[in-house]
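Here come two complexes built around subunit A, the first alongside subunit B, the second alongside subunit C.
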Partner chain A sequence: MGSLFRSEEMTLAQLFLQSEAAYACVSELGELGLVQFRDLNPDVNAFQRKFVNEVRRCDEMERKLRFLEKEIRKAGIPIVDTGENPDAPPPREMIDLEATFEKLENEMKEVNTNQEALKRNFLELTELKHILRKTQSFFEEAEFHHQMQDPALAEESHALLLGDEERGGQPMRLGFVAGVINRERLPTFERMLWRACRGNVFLRQTEIETPLEDPVTGDQVHKCVFIIFFQGDQLKSRVKKICEGFRATLYPCPETPAERREMAIGVMTRIEDLQTVLNQTQDHRHRVLVSAAKNIRVWFIKARKIKAIYHTLNLFNLDVTQKCLIAECWCPVADLERIQLALRRGTEHSGSSVPSILNRMTTKQAPPTYHKTNKFTSAFQAIVDSYGVASYCEVNPAPFTIITFPFLFAVMFGDAGHGLIMALFGLWMVWREKQLMNQRKDDGTWAIFFGGRYIILLMGAFSIYTGFIYNDFFSKSLNIFGSSWSMANISDEDIEKYDMIELDPNVTSIYKPRSPYPFGLDPIWNMAENKITFLNSFKMKMSVILGVLQMSFGICLSLSNYRFFKDPVSSVSVFIPQLLFLLCIFGYMVAIIFYKWIAYDASISYKAPSLLITMINMFLFKFPESQDDYLYSGQKGFQIFLVLLAVACVPCMLFIKPYFAWRAHKSGKRTFGTVQMQVNGAAEDTAVIMDQDEGEMPPPPPEGVSGHKEEEEFDIGELLIYQAIHTIEFCLGCISHTASYLRLWALSLAHAQLSEVLWSMVLHIGLGFQGWVGAVVTTLVFPAFAVLTIAILLVMEGLSAFLHALRLHWVEFQSKFYKGEGHQFVPFSFEALMEDHN
Partner chain B sequence: MVTNEVLCSVLVSYDDTSHFKMVGVAIPLVVVTLFWLIIGAGVPWAIPKGPNRGVIQTMIVTTAVCCYVFWLVATLSQLNPLIGPQLKNTVIKYIKWSETEK
Partner chain C sequence: MFVICGPKLSICGFIISIWGIIMMGLLGVFFLIKSPLLLEDIPATKADFEERAKVDAIFQQSAYNCWVVAGVYVFVGLFSYFQMRMNSRQQYVVT
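Here is the complex of A and B:
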């Protein structure tokens, strides 16, 4: 079997890399993605490692790149994704990259500052322009007003407007300030002025129609022009302070209209000039960003790769001679050739003459678990790994889960119509894989559904099959082969007389003996009032049968484990009693289920014994008096034998294994296999790998001992307790897990009932109307039916059945053989790194 | 209502000599068993060599076993039914009419 059945054989390898070649070799290994480096300096602080400076420089580069990216995005320039995957540049190129980034960053910062200053200037000039325009109307209004009312006042305000300094003893001298303030702040500003100056100031304001751009944030703000008239210096200072507090900008406004006109013209020219400069600055900035946007993705990849390489180099040990770096890594044995090639390539690239060396090491540590998966199997492997990563070299349930998981889902889902929709959805996602892969990466829910596209496709396909068997197509049955139940011989008077007739299968004209509907459930049951009674019996028995089958298969997988780890004691003392225990009790139950189906028909149904009572009585050693109530002859003896056999299995499970362990310990032999630390040193000039001259790799240590030092103490009590717990867990688990499989019945019943409710309460009512009314009502009712079907039956029930199928696998199936105590093989791979960042 | 029962789409196929189609259990049993046997025990040998051979073989055998057992359980449970369907007299009337029509 391919490596999916068990983990790949992994080996610990030691790499000797020349200091100059190290960088290039690590780069090649990163591209390959097949080795997992171990940290040889776990006690060293991150700041004391050898390459910390380089990592810091890479961090700086990344920061600059991020700044540039932000600017590019703000300017709305699309970042070109050429799909190129550049190699990590050599260290000398890093300096060039740093210089480029530095230059770009400085340029951008400068341009940004300049632009800000220019914009601020522009804003001031614009506000001044508005002020000059609006205050013109204030002064005119004030003049007109005063002229009308008071000639004396008019004279003096006239004088004011004309800017005539000499007033000649006029007691009132109005000063004014003009400025601009945010529109929102204006009412409070007015009120504050009124209160603070005790009503002795006069405020006029008008709105600026066009919003102005704030130089810092770039937002559009609405502002108003205001002018405040007051008398005296005290009021002037008060007004100025209030303006400051409300962040209103004040502008010097000339008093005479002639001066104002001059100023306005000057301001207009300056605004025009500034606008040109601003446009040019904007263009320049855009050009810089566009040229940066072309390369930024490539730069990001390069920077990240360099950083990853230096992080990895930090894990290495420096040799005593300071000439070469030593690395330890886990790698799959089957890929050692490719790793060798990568090392050779790296050494050549760096121009070093000394080849890099890879030595295999033996160790007692448990290697990481590596399952080679492709895009199809990886989803199912992920399901298994979510519960626990397989221990090294133990049986991987994933290849079986590929089929059993969708199958159990389908047993609970069981509707061909809904299955069809689900299968089509899965098919669409699989067909459009490549396009959909790059879209909508940010949406988490979609990513989950897309990641499970193969699972959804299989679940849908199996649901179509089970839907046909359950004869359930959107809660309706199909009659393809002709029902096995016939009404032809039911008399018409009976039909008139009785509201409800229960057909008797004993009557040959109604049901011909032993001629069931050939494929699935008979469609007549869809219309029967006692449909659920029949279905319950069928589905419960089916659930238990499937459950016992899956659990027996799980126990058989544990035998495969014992044989691989060369543990004959367990094979005999654990596997056989476990299997016997399960089969004697629940295998027997499955057998009598089948027997009762075949041996008893309607003619003797009155004396068909209840299977449940039979099982209970089997354990109570209670047997019926009359010969009729037995299922088969010899039942009494056979059942007693089975019970005794099952009970006899329990002490076997409890005592045999600890006994053998104790005996082996006593006789001084270590039956758990010996492992030694071997390090093959000796670098040769031409040798590249120390081949298997130590013979075959010793089989990996059995799960019980992995990771421990050689045990000097041997605690029989601990072993007995451990074994007892496992035995109790197994025996009680047999019963509870078998019952747990009844959820297959429960969920399929729930699904069928929900489906029926949707039909009878929604679509049926819609289709019940005739004529034009019917057409309209149906048009309205069908979307409601469709939405409810998808939301309730597909999404909710789908998730529910998914969850329960998952639980059945994780608990009921895997507890029979799976330890799941391994750790995942996480190779140093640039591909994985880039995916993480995306 | 008329639509109530008819909508369950009872398409009945007829044997000329009898009121309803009678198929014993032998033919379906043999056909289906052979079908899944060929798929489960025969097709795996035909899978071309490649890295995924083992997985595909496992998948085929598992599918065959699961689907066959499921069908077998459904058929056997209906082989000798101990109870019959309880139908409304209107349903019986329509089915009887459709059976004796042709």
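Here is the complex of A and C:
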């Protein structure tokens, strides 16, 4: 486990891989997940790269797999995830996989088409069956009507056209068509028929009770059986056209009842046969899908790995002899051994005799930043990286954030009851880590909470601690050690007469001197009217103390940076004046806060001078006349000295560094190293160590001394302006950031008040009823109290305190030393790839 | 037996019940020892404060109330736990 204090030392390495061994080596490196490959063909089109065919084949495989997955999901078969992680298969196996997928896809497609055809057939037969059943009654009606209407028909339409011998009741043959139509279309259909045929057709319809399955979409539709009686061929063609238009299916229906009965029997048998065939087809399809579902996860992983490997191989260069591939990659120096081993394994797997070579290179490019984290530290590293990835080898704020972040959160949250709930929640998530990770809920909010489980646990634990300090449990205080204040000697008549009693700590019977409440706030303050006044003073001072401490620590970390990057000029000209400026003004303020707390007790507290006024007067050089208004003797001289020292720091910050740079430029220092390639002839696959400083990389060019690029670029004006901006930013930032830390006070006050309001407005209702009614009401009120506590005080206030603690870290703390201009190390890793897809 | 509450409701009920049992139990104890910090939370009028014994009785009554509530939540908790079991069992059966 590398150190979290600075990012890992990285090196640019060159890999020489033999063409046959390349695939296996990249596969091994992907499993290892420690190298980040650079694209050596950036201006080559994606379609012109060497392995574009293989990538295309992989895409095809993935498409087939996705089709199969969709079919499996449609059939409702569960896909079992065994958690197996197969290695990337060798290229020759790819052909086998492709064949398998092709076969499966074709089979599925065939089965699907067959099933569709069968279903259509089935639908037709079913409709025919319904028609045959329902039309029996129609025909009987039609005969009756025909008998009735015949004389009228004969008179009207045939009186003129036909001769006298046609009269006399020759039964007119009515033609008919029978069919099935969607229920929704029926009214319009009827109306259309009526209009188009001028009322000379006769429609009868009845509904089919059971809905029928549409073969294409699989929906259930309601249909109706209809039969249309007409006379003559013209009407017949008209009726047929209308039916076509309304997409009604017509069926041949025999006229005589005997024929109809025969047909019905035939249809029934055919339906039964078809049903059997359909069932068998369904079974077959199901079996195919089940067997596919067993392997589909593994296939997906294999296909994705192959594709990833070929994508990576596309980044490589083919060398002149066309026999080996050259790759450039960033890798951590500490892990070179493991990379060598992986390369050796890959070469062995592929059966190649020529070993792969790894060379280290020097370069002026900034390497990527790589922090080795585990599941605990990765969450904190993530919140630091959200602001900006650390520059290469810069001091990493994350290890300090692990403690300071939950602590500042807790200062703002400060309730032991709420902290306990939060800690228990975090504890449950940590305890059930493995199970919850496997459940893999896709809900984004849950994922955020689960990812920060260690943060939540720590925040809760620290909140319990600060809850004890503020003596706040769901807004009530606990009297654990016995309060130091006592009402024992207040006379009864005083208690009766006055609504409010002032307890004077100077009186020994009221307050025992030299025996304060051992840990935390005395519980009597919970009942005091001036509780907030007292706490305000305490919390404000505490916030400023914490702020100045954190900022000074930040400045000290910047010294660590200057020393690592071998920048002595900055160490002297930036660090020392910055630290002195901060300490002379705000460090002094912290000192007199402590002094005032210690030096003044209850008897002389009325004489204590205000610290804020003292600080303001310090800068106005205004000094009080009477000796009482001084905190300590010699204050006048000391304060003048501090102010002058602080003011003197400012020109140091402004001018020293540019002056040194200008001097260095004048004496013509050479530029730093250039890109060197070292290819030694050694055929072993050991890393070729550069012969420079016992194989240590020279530290990257120091950021402070400029003028390293080209001689002409040195501009003293630019440097002065940059330094001036930096100085002003720092000096004004000192004041504003110190004031910004007062949010620690503000939020803890808000939280305490909200908590109190929730108790007195919600739970108090339940407790305020006399007698046993109180129990009933409290039973109903308590869930409301619980839900509101969680929603308002834990979630809302928790997020708020989280945000403000984060802001304090990102702006106030990190602006003192953190550049955050690096880029993240993104290694080629199958694990990361699979996680992305899931 | 039947599943009356869904999975989420039963888990919520279970957690609130546990919280209720612990908090109401402790609150009852604090009422019993007549903690002065709970002075504002008892249903006593100004007239009641004349007599010491009356205030003591009110404290005791509040303590009993809290324990009754804790007792009710024991049953609610058991019921929710039972529902949780039913829900998880149903999940196995349906698939």
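Annotations for the structure displayed:
The definition used in the following text is that the second predicted complex is superposed on the first by the 721 of 838 C-alpha atoms of A that agree within 3 Å, B and C clash if a C-alpha of one lies under 4 Å from a C-alpha of the other, contacts with A are read in each partner's own complex, and residues count from 1 in each chain.
The rule is simple: contacts are C-beta pairs under 8 Å (C-beta built on N, C-alpha and C of every residue); 3 or more make two chains touch, one makes a residue touch a chain.
Treat the numbers as computed from the prediction; the structure is a model and nothing was measured.
Applying the stated contact rule after C-alpha superposition, one finds that A:P513 touches subunit B and leaves subunit C untouched.
Contact with subunit B, but none with subunit C, is seen for A:A488 once the two complexes are overlaid on the shared chain.
Of the two partner chains placed around the shared chain by superposition, subunit B is the only one that A:I402 touches, whereas subunit C remains out of contact.
In the superposed pair of complexes, A:G771 makes contact with subunit C only, with no contact to subunit B. Of the two partner chains, subunit C is the only one that A:P78 touches; subunit B does not reach it.
The larger set of touched subunit A residues comes from B, when the choice is between subunit B and subunit C. Contact with subunit C, but none with subunit B, is seen for A:P783 once the two complexes are overlaid on the shared chain.
Subunit A residues in contact with subunit B (one complex) as well as with subunit C (other complex) are 476-477, 479, 523, 526-527, 764, 767-768.
Contacts from subunit A toward subunit C in the complex involve residues 78, 421, 474, 476-477, 479, 523, 526-527, 760, 763-764, 767-772, 774-775, 778-779, 782-783, 786-787. Those residues of subunit B that touch subunit A in the complex are listed here as 1, 3-5, 7-14, 19-25, 27-28, 32, 51-55, 58-59, 62-63, 66-67, 69-71, 73-89, 91-93, 95-96, 99-100.
By the touch criterion stated above, subunit A contacts subunit B in their complex at residues 1-2, 4-5, 372, 374, 377, 399-400, 402-404, 407, 411, 465-466, 469, 476-490, 495-496, 498-505, 510-531, 533-534, 537-538, 541-542, 545-546, 549, 594, 597-598, 600-602, 605, 608, 764, 767-768. Across the interface of their complex, subunit A is touched by residues 16, 19-20, 23-24, 35-43, 58, 61-62, 64-66, 68-69, 72-73, 95 of subunit C.
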